[in-house]
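Structures follow.
Each of the next two complexes has chain A plus one other chain: chain B in the first, chain C in the second.
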Partner chain A sequence: MTPVSSKQYADDVSLLMVLIDTNPLFWSSSAAPLSFSKFLSQVLSFLNSILLLNQLNQVMVIATGLNSCDYIYDSSKGPTSQRVESLLQKLEEFVVKDEELNKDDSVDGIGSSLLSGSLSMALCSIQRIFRSGSLHPQPRILCMHGSQDGPGQYVAIMNSIFSAQRSMVPIDSCVIGSQHSAFLQQASYITGGVYLKPQHLDGLFQYLTTVFATDLHSRSFLQLPKPVGVDFRASCFCHKNTIDMGYICSVCLSIFCKHHKKCSTCGSAFGQPQTVSTSNQKRKAP
Partner chain B sequence: MPQVRIIAKNFMDMVASLPAMKLDKLYENAFICEAILRSLPPLAKKYVLQLLYIDVPVAASSLQEWVLADGASKHRVAVDRLIQLRVFTEFVDRKKETTYLLNPMFQRNLQEHIVHGGVLPREPMAANITVRLPSLEELDIYAAQQWECFLLHLISSAEAEVTTKSISPSMMKVFQRGLLSQIDKEGPRLTESGFQFLLMDTNAQLWYIIREYISNSEDRGVDSADLISFLLELSFHVTGEAYNVNTLSDIQRTTVKDLADLGLIKLQQGRKDSWFIPTKLATNLSISLSDATSRKQGYVVVETNFRLYAYSTSKLHCEILKLFARIEYQLPNLIVGSITKENLYKAFSNGITSDQAISFLQQNAHPRVAERVPSVPENVTDQIRLWESDLNRVEMTPAHFFDDFPSREVFEAACDFAREYSSLLWEDPKKMRLIVKTEIYGHMKDFLSHQK
Partner chain C sequence: MTDAQVVKRAKYKSTVKDAGVRGILKMTRERFVFMPNDPSSSVKLNVEFRLIKGHKSSKEGSNRPALLNLTQDQGNYIFEFESFSDRELCRDFVAKAIAFSAEIGGPTSEKAAPLKDEQLSSAEMERRIKLLQEDSELQKLHKQFVIGGVLSETEFWATRKKLLDVNVTRKVKQRVGLKSDMIFNVKPSSDGQSNRVTFNLTPEMIHQIFAEKPAVRQAYLNFVPNKMTEKDFWTKYWRAQYLHSTKNIVAAAAEAAEDEELAVFLRQDAILASEIRQKIRKVDPTLDMEADEGDDYTHISGHGLATEDIKDELEAQYEPYKRSFLQDINRHAAVVLEGRTIDVETGDTRTVAEALASSKRLELAKEASDVNTHQERLDRITQMTEIEDLQAPREPPVAPLCIKDPRDYFDSQQVKTLNQLSGTRQMKSRLSTSEAYDSLRAYISEIRSVGLSDPIVRPEVAFKVFNSLTQNISSSKYQLGKNPHESILDTLPSVTKEELLLHWTSIQELLKHFWSSYPITTSYLYTKVSRLRDAMSQIYPKLQEIKESVQSDSRHQVSLLVQPMLQALDAAFAHYELDQQKRSAKSGEKPNGYV
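The block that comes next holds the complex of A and B.
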């Protein structure tokens, strides 16, 4: 699993996985600070500039929809001349397909995108590149996320984060929505990526090129945005609520908001909680 | 002849050394801008990208703010490079504040590239016109063969079969200048730099040849800036695609023929049109790839008994191995030799260092032994180093000899004086003689004349 450093290109060759939030509920809501087409044109310019920086740079784009996610662009395939066209076409197909899936299912309350799915897809393709060929570029993931965190995906996302940390893939996050994303804060914090919530989204391209275009090699001597405070709160496994305090299984570290008779993950039987007068809630591990 | 040490200087150093006028003209070509950007150090790339949409001069201090303390040297290197290539123009205003402005032409071209994405320099020909295009492997083999043939031709004109057709003898002379020297009538011999040239990897060799080719272009009536821009443009073509020769200018067409001899491109002739197919050598031209992406498969096995087996059919390999080994047998696909003291002494006297010889053996190690650590047995590498240090047992120091001192006092004082400068090499108190380094000869003379 661990990447073999000797197999990497010497310098600043990077493999950038860009996860684009295509959640229609977010982009149509009033929370969206700019139109999707404006957003897309800035991102496309950013992709072009990444590919411009180095002949060996590689970019893959994964669309994160409401119910599904899919690869919509891979720079290592196809001619360089019709980059934008092929991406837009794939994106359109994806959005239509994603919408169809939605019809069978009623939208849940928050309408969050399937971040866990696209993160795992990104990590899978990074692993594939690690294992194929003799030399591979240095990978990193950039999440361009707007919609709210879906607490239901907590476990899956945390697992992806830890697997990214293990294979030493930093997750950069660029939050476009109005609220901070606790998931992405944790993701960037744990994997050593950059978390940024741009103030002026009209200048998104400038944010992207100044901060997120920086290759991993140069990051060691550059001053990049530091995390200002990370929301470390976890979601409980039973109701998927974000909680400050809760119960934690002493065997498998599963988190619950209420007392249960036995752990739903590993099946260990719990004892009775102590009386209310004493502290009946254990702090969850940070 | 001046001894020029061959350094695999890259393309961009040459571009940087062009006069300002020509450089500005080069930036009119979008491909050059792209190639230049790609050649920059990572930090410099970042600066360019950051300033791409800023039209006013930016204060140096605000650029430096991005860099942590231990990256300061990298920052300086990046900025110097940008100024050298005239991508940045430096202004110092009245308040002694330095500001930088991005070259407007360069900026515009890159902006265009970012908005519209990369464009190909010319459209490849449709597949139905170009029949029997070589596969990528065939193309690689072709390029390697052609290059090898050229090298062989370069080092010993007699050995090469007549496959390099059109490189004119005068062109060949240009390439050979500096690599070969003619002593009396004995036929040409490789010079020190020639030997080092042969041990370099293909990309480095290619640089050297292309550099000579460009610096010589003015004599052939070709503008060096035009040539550079064509070569850079060539590196943006797609390997293995066919491009119509008719899209080229006259000068470019002659250049293409020369490059075909070097294996950079393959020329093919159809019924009506003719076309050229760039090989990997051409497309790698603008990026200085020193790492293993271009490494060929090795062929040399060295055993602990100093025997050397080279699985190769190539005459060039044989020639190179001859530089520091005795070739014993030559079988159809195998060269057997042994590394001997005599051959290595000869190599050392030709200016090859032990490290070069060892790194050549290591870099070209046969895949079977390349996995082993070390790929060349330690006793062999140690012995090669020892043989080299054998030759350096005597150290030469230019010196001056003093004798005939008028008195012992003067002699003692002179010795002390020389010791103070730590330049006393030898003294003989009985006969009152001493030897000092040349550097203090002047001081010594002054000192002695004051003593009198």
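The block that comes next holds the complex of A and C.
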């Protein structure tokens, strides 16, 4: 056994955290472009190919549900045979647990899954692997996300993004849903990952292998697709709405959609904004 | 006065010196007509008031002509009246007529304009024309929006005040400071024959006197209209000055005892003294000049030898009347350095005095506002004299940062998230939650039983995906990456390029006006916004046209360029719609300015 102090640093060993959106409402809605079984079959093939690329590669899969998230697969544990079997077994158990946690039966829309939770779990397990094992692989996170952004998770997601940026973990995003995800656009942009919204989801496997399979070192030699633009809009802290313009606390940088007397995060008292009164006066003149 | 017209006998003069032509001046609301008495004379006038920019009149005086000067853009009309009352009547009439013509002149051009189209001076107009000539892009915009009727002239230039101002700043005159020579050196001119001395007083000097001597200013404000005339006041003042210049303290004291108004000028300035005291208080409290003096005896007269105190009892009595030359010089220097603190024409003595007084009062009020000056002084003394070694380390003064209990925040968020889950969504799910979970489980068991699909991807689909991915990448690589200095725009045909740039600038212009009109508080802004919206929606299809007109290989590039424009427009439209909805939702209720 190699001692812990002399870790193996290799530039082509990857630690891939895959976050799979298991929002049942999304997969059963018309927004889902392919069935969940087809999606799973393509993703599982992709995971297999990752493990085949390098013997030391490690893959962890986290399911992102409506009410909870959990690890459903870790390639470093368990038998090397029947990988898919054990993953699907865990996934089924997870779905049952997630359903038990679900309280109300009448959800109108497709809701948003707990992306913030699974991102945090991914970052935590990356740290754990760094600190415990003898290997020091190159980590990255791949979000396979379909349901729309939950503006309520804005702060939590942004915090995860910034901690990923700090620990130099790129977040790659593969958006399966019909709409672009502003959260994932920002996540990939800030952490230097790749954001992709595939057009032909029948060929999802091709997208995954072409864009997301290469390790971080090889990535620097490749010309990967670049997003057209990034939606940088933020959610306000008071109503969790996505806003174009707003007020920002000068002390703690909290964002609000309207003027408050006091910052709800840090408690600083704000003065009356000067510009509003002057512009009003200006407007009254004509 | 509602007279429809005024008819007066007057002389028309081309210049002030001119002898003039006698005749009749007839004024109506719209115009004035001058008919000379001599019908053969060629001097006939018929001028509309809207061409007249202003009027001046001569000072009233028994032996002066009663003149009225109507000024025009170029040249002017001077009339001499037979009496001043005639002149006054005409002057009032002219003033009204000019105001009236300005009023009706404005709104005819545009009713909705925020300000009646400002009367532009020709210089202003010239500047604008010059700017337009220099900048072809600006000219294009101007042509498109101002002449196209989307924006008014005023609106267009309102956002470009800076451009106009740049030229203006060059012309701003430097303000003239106060003269540095001292007034009190003004030598009285005496005619040598009689015992009279004459002082010449100009407004400039009065300003300076008021600035230097607050007591005189105060006295002027107190005395002048009620107690004495202005002339008496200044006579007294110069008398006091004169007494000073003779350096006869005893005589001065005697005079002051007799006349209490005169005493005001002779005594030391109380206001000044209090100001000085205030200043002294601001000096470093540890400074002790008297103590320092003991260290160094060279500057003491007698080289440190004790000298006899020559002050006698008589002197003490006259102490308030003593004023050293040095004090005067110091005060004068302070005033000159301070510069002109007020911006008043020095014509009227009283206004000068009042303005100075109020500006001083403001200053004093500012200083007096901090009640705890004494405490502050004590603090400063302790700070200056403390021995550092014996003090506890001082932390920099910081406001305590209070982060509230984070649980509040996260709890509220959780509730919010849960609410959101149950909240309404535009995309309807066909199934309830339990059904959805069931179907998800069915999918999973399906793949468990069937296994991975084989082949994973059909070759033709994979090829399509591969093509779309690489084409996108390669096109941007070969057209962007070849030359970093070469932009996509240069690869496009010049017509497309120019069109794109033009649209870009015009969209920017429109959006600038659009967003600056929010929040909508007046109906004028409302119409402006809808006007802008129409103009913007006209650009929208044009952008689509451009996108479709270019060849397929560069279409991707163009769409990349057009995308931000469309996004900006979309944001504006969305905001407009939202505001419209809000407006209709609470019609009648006044918008409070917050959007």
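As a convention for this text, the second predicted complex is superposed on the first by the 257 of 286 C-alpha atoms of A that agree within 3 Å, B and C clash if a C-alpha of one lies under 4 Å from a C-alpha of the other, contacts with A are read in each partner's own complex, and residues count from 1 in each chain.
Note that contacts are C-beta pairs under 8 Å (C-beta built on N, C-alpha and C of every residue); 3 or more make two chains touch, one makes a residue touch a chain.
These figures come from a predicted structure and were not determined experimentally.
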Combined model on chain A where chain B meets chain C, clash or fit: fit
C-alpha centroid angle, chain C to chain B via chain A, nearest 10°: 120
Touching partner for A:Asn54 - first (chain B), second (chain C), both, neither: first
Partner chain(s) touched by A:Gly267 [first = chain B, second = chain C, both, neither]: second
Which of chain B and chain C A:Pro33 touches, first, second, both or neither: neither
Touching partner for A:Leu135 - first (chain B), second (chain C), both, neither: first
Per-residue touch tally on chain A - higher for chain B or for chain C: C
Which superposed partner A:Gly192 touches (first chain B, second chain C, both, neither): neither
Touched partner set for A:His259, first chain B, second chain C, both or neither: second
Closest approach of chain C to chain B (Cα atoms, Å): 6
Intersection of the chain A residues that touch chain B with those that touch chain C: 45, 84, 205-206, 210, 223
Complex contacts: residues of chain C adjacent to chain A: 113-115, 401-404, 409, 413, 416-437, 439-441, 443-448, 450-453, 456-458, 461-462, 464-466, 468-469, 472-474, 476-477, 519, 521-522, 524-525, 560, 563-564, 567, 571, 575, 593-594
List of chain A residues in touch with chain C within their complex: 22, 24-25, 27-31, 35-38, 40-42, 44-45, 66, 84-85, 88, 91-92, 95-96, 98-99, 102-112, 150-153, 155-156, 198-200, 202-207, 210-211, 223-226, 228-229, 240, 244, 251-252, 258-259, 264-267, 276, 279-280, 283-286
Residue ranges of chain A in contact with chain B within the complex: 9-12, 45, 48-49, 51-56, 79-81, 83-84, 134-135, 205-206, 209-210, 213-215, 217-218, 220-223
Residues of chain B that touch chain A when the two form their complex: 34, 37-38, 42-43, 45-46, 49-50, 52-53, 65-68, 70-71, 74, 110, 113-115, 117-120, 238, 286-287, 290-293
